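Just passing along the structure, written as structure tokens.
Labels A, B, C and D are assigned to the chains in the order they are written; within every chain, residues are numbered from 1.
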Amino acid sequence: MRAQGVITVDIEFDVAFHDVDMVGVVWHGHYLRYLENARWALMNRLDYGLDRMLASGYAWPVVDLQARYVNPARYGQRLRARASLVEWEQRLAINYMLTDVADGKRILRARTVQVAVDGRSGELQFACPAEFVECVHAAMAKGGA
Amino acid sequence: MRAQGVITVDIEFDVAFHDVDMVGVVWHGHYLRYLENARWALMNRLDYGLDRMLASGYAWPVVDLQARYVNPARYGQRLRARASLVEWEQRLAINYMLTDVADGKRILRARTVQVAVDGRSGELQFACPAEFVECVHAAMAKGGA
Amino acid sequence: MRAQGVITVDIEFDVAFHDVDMVGVVWHGHYLRYLENARWALMNRLDYGLDRMLASGYAWPVVDLQARYVNPARYGQRLRARASLVEWEQRLAINYMLTDVADGKRILRARTVQVAVDGRSGELQFACPAEFVECVHAAMAKGGA
Amino acid sequence: MRAQGVITVDIEFDVAFHDVDMVGVVWHGHYLRYLENARWALMNRLDYGLDRMLASGYAWPVVDLQARYVNPARYGQRLRARASLVEWEQRLAINYMLTDVADGKRILRARTVQVAVDGRSGELQFACPAEFVECVHAAMAKGGA
């Protein structure tokens, strides 16, 4: 899960009260919200944000998720979520690294895999749509990472 | 907020771990999920469930919410959420009562108000659509409460 | 719900994908997360943040909530949540105004009321603890709004 | 991820409105709430529920999560979440299978791994506490699956 991708985007945020569970740490499911926010920041960097995605006629469901929880995060901690594009031809794979902004401590590593699905036929696509791949190439040409 | 409505529906459920906050009680925002589940059960009783609502061309946003938190709920507690229809002509108002199933203790009282919005024009309706009102009358004729 | 409080704090953030429902607007319950983030920012401004609150031995459950939903918010919209302290002696009351950062359009007005509860006895306090009131006075002296 | 565990528990529930995203399917992160509810049902079956876990002095953070999303779930669908214990000596591993109750269609397969952490020292345990292992043996003796 550690490979650096061709395009990388960071977001920063503070852990909210309502994300913390009875044990005093972020409930493990809430991290997926953090990862998703980083993923949309990456999509925006690729100029393939939600409006364009919807206009393209494709949905991109997450089909696979892996997460390794390294250290718990707590209320008020400032975190950085890094999303890094690692596959973009057959499927869209993104690696994530969540760290504490102050000391760099690792909180979570994760990977999601998404595939394109034709919105009308519902058919899963075995290659990413050309429009998306062109967005990736354009971002790489500009020097994305 | 206490009036009994003309149609009343109950649901029961257990408080989940991920709904409990650092202080050991249900985080106040999560109760709105419980209320919404009771509201959809009420809509289904009226034969005006989500499919019919979408087919009708109207959306029904919540425009007003009032909640009085009486006692905290905790992990594993079995709760009953009662939704009761109190207005259905100009707008849709529902009263809620959340209680502990075992001892009847009151957890929360609430009220939501929704208005119909025409899905195409986006215009707010000053009366509930006839189709909805007929659903209410039909449920009342069957003896809904 | 419109009174301006003695201490006012703003936060800004973007509406996340996972906060938007099937109808394309923020699900009404998620706004409570935004309000809570603004409330903790206000508590921090008062120098009465979570650590101090826990150390004080008091919990501050929300006992009353009122919200008026004025306009729907959508994915990607940048919002400002303003929390304004309006009562701090018998109970803690906060007014909120949620607006669109770009055009100032009103999204939501709300009010929460919290009371202090002694963490050991579980007894509800009919006046706010002196430590908290002093924090408010100190912030007012510095010119909080 | 497919191995059948020694103790298996099922829960059933309906997909709630607030779990569905803009695209009309359950947002991928919400499935973790369903899995967690099944996991606690399994822990209760083992007679190692939350109260006993807290009394034991150990926390059990999720350290690894894998999920394969097979088919999307939609509003109102009745789902079954099956949690199955597959490791209980060095660490606690649970396999999950989420299916549609009506037609048995697979929605999601997943696995979580948890480790025991001493609540006082914060030290990760390289073996599951004896009390927990005895609970598993007792449940197996009763014929848990």
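We adopt the following convention: a residue touches a chain if its C-beta (ideal position, glycine included) is under 8 Å from a C-beta of that chain, and two chains touch if they have at least 3 such contacts.
None of the values given here were measured: they were computed from a predicted structure.
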Chain at maximum distance from chain C, centres defined as averaged CA atoms: D
Pair joined by the larger number of C-beta contacts - B-D, B-C: B-C
Rounded Å distance between chain A and chain B, as computed from the means of their C-alpha atoms: 35
Separation of mean Cα positions, chain C and chain B [Å, integer]: 24
Distance between chain centroids, defined by C-alpha means - chain B, chain D (Å): 30
Interface hub residues of chain B, defined as touching at least two other chains: 17-18, 29, 33, 36, 75
Topology of the chain contact graph, where touching chains are joined (line, ring, star, complete, other): complete
Contact set on chain A toward chain C in their complex: 16-18, 33, 36-37, 40, 49-50, 75-76
Chain C residues touching chain B - in the complex, by the definition given at the top: 23, 25, 28-30, 32-33, 36, 59, 61-69, 72
Chain A residues within the chain B interface of the complex: 17-18, 20-22, 24, 27, 29, 75
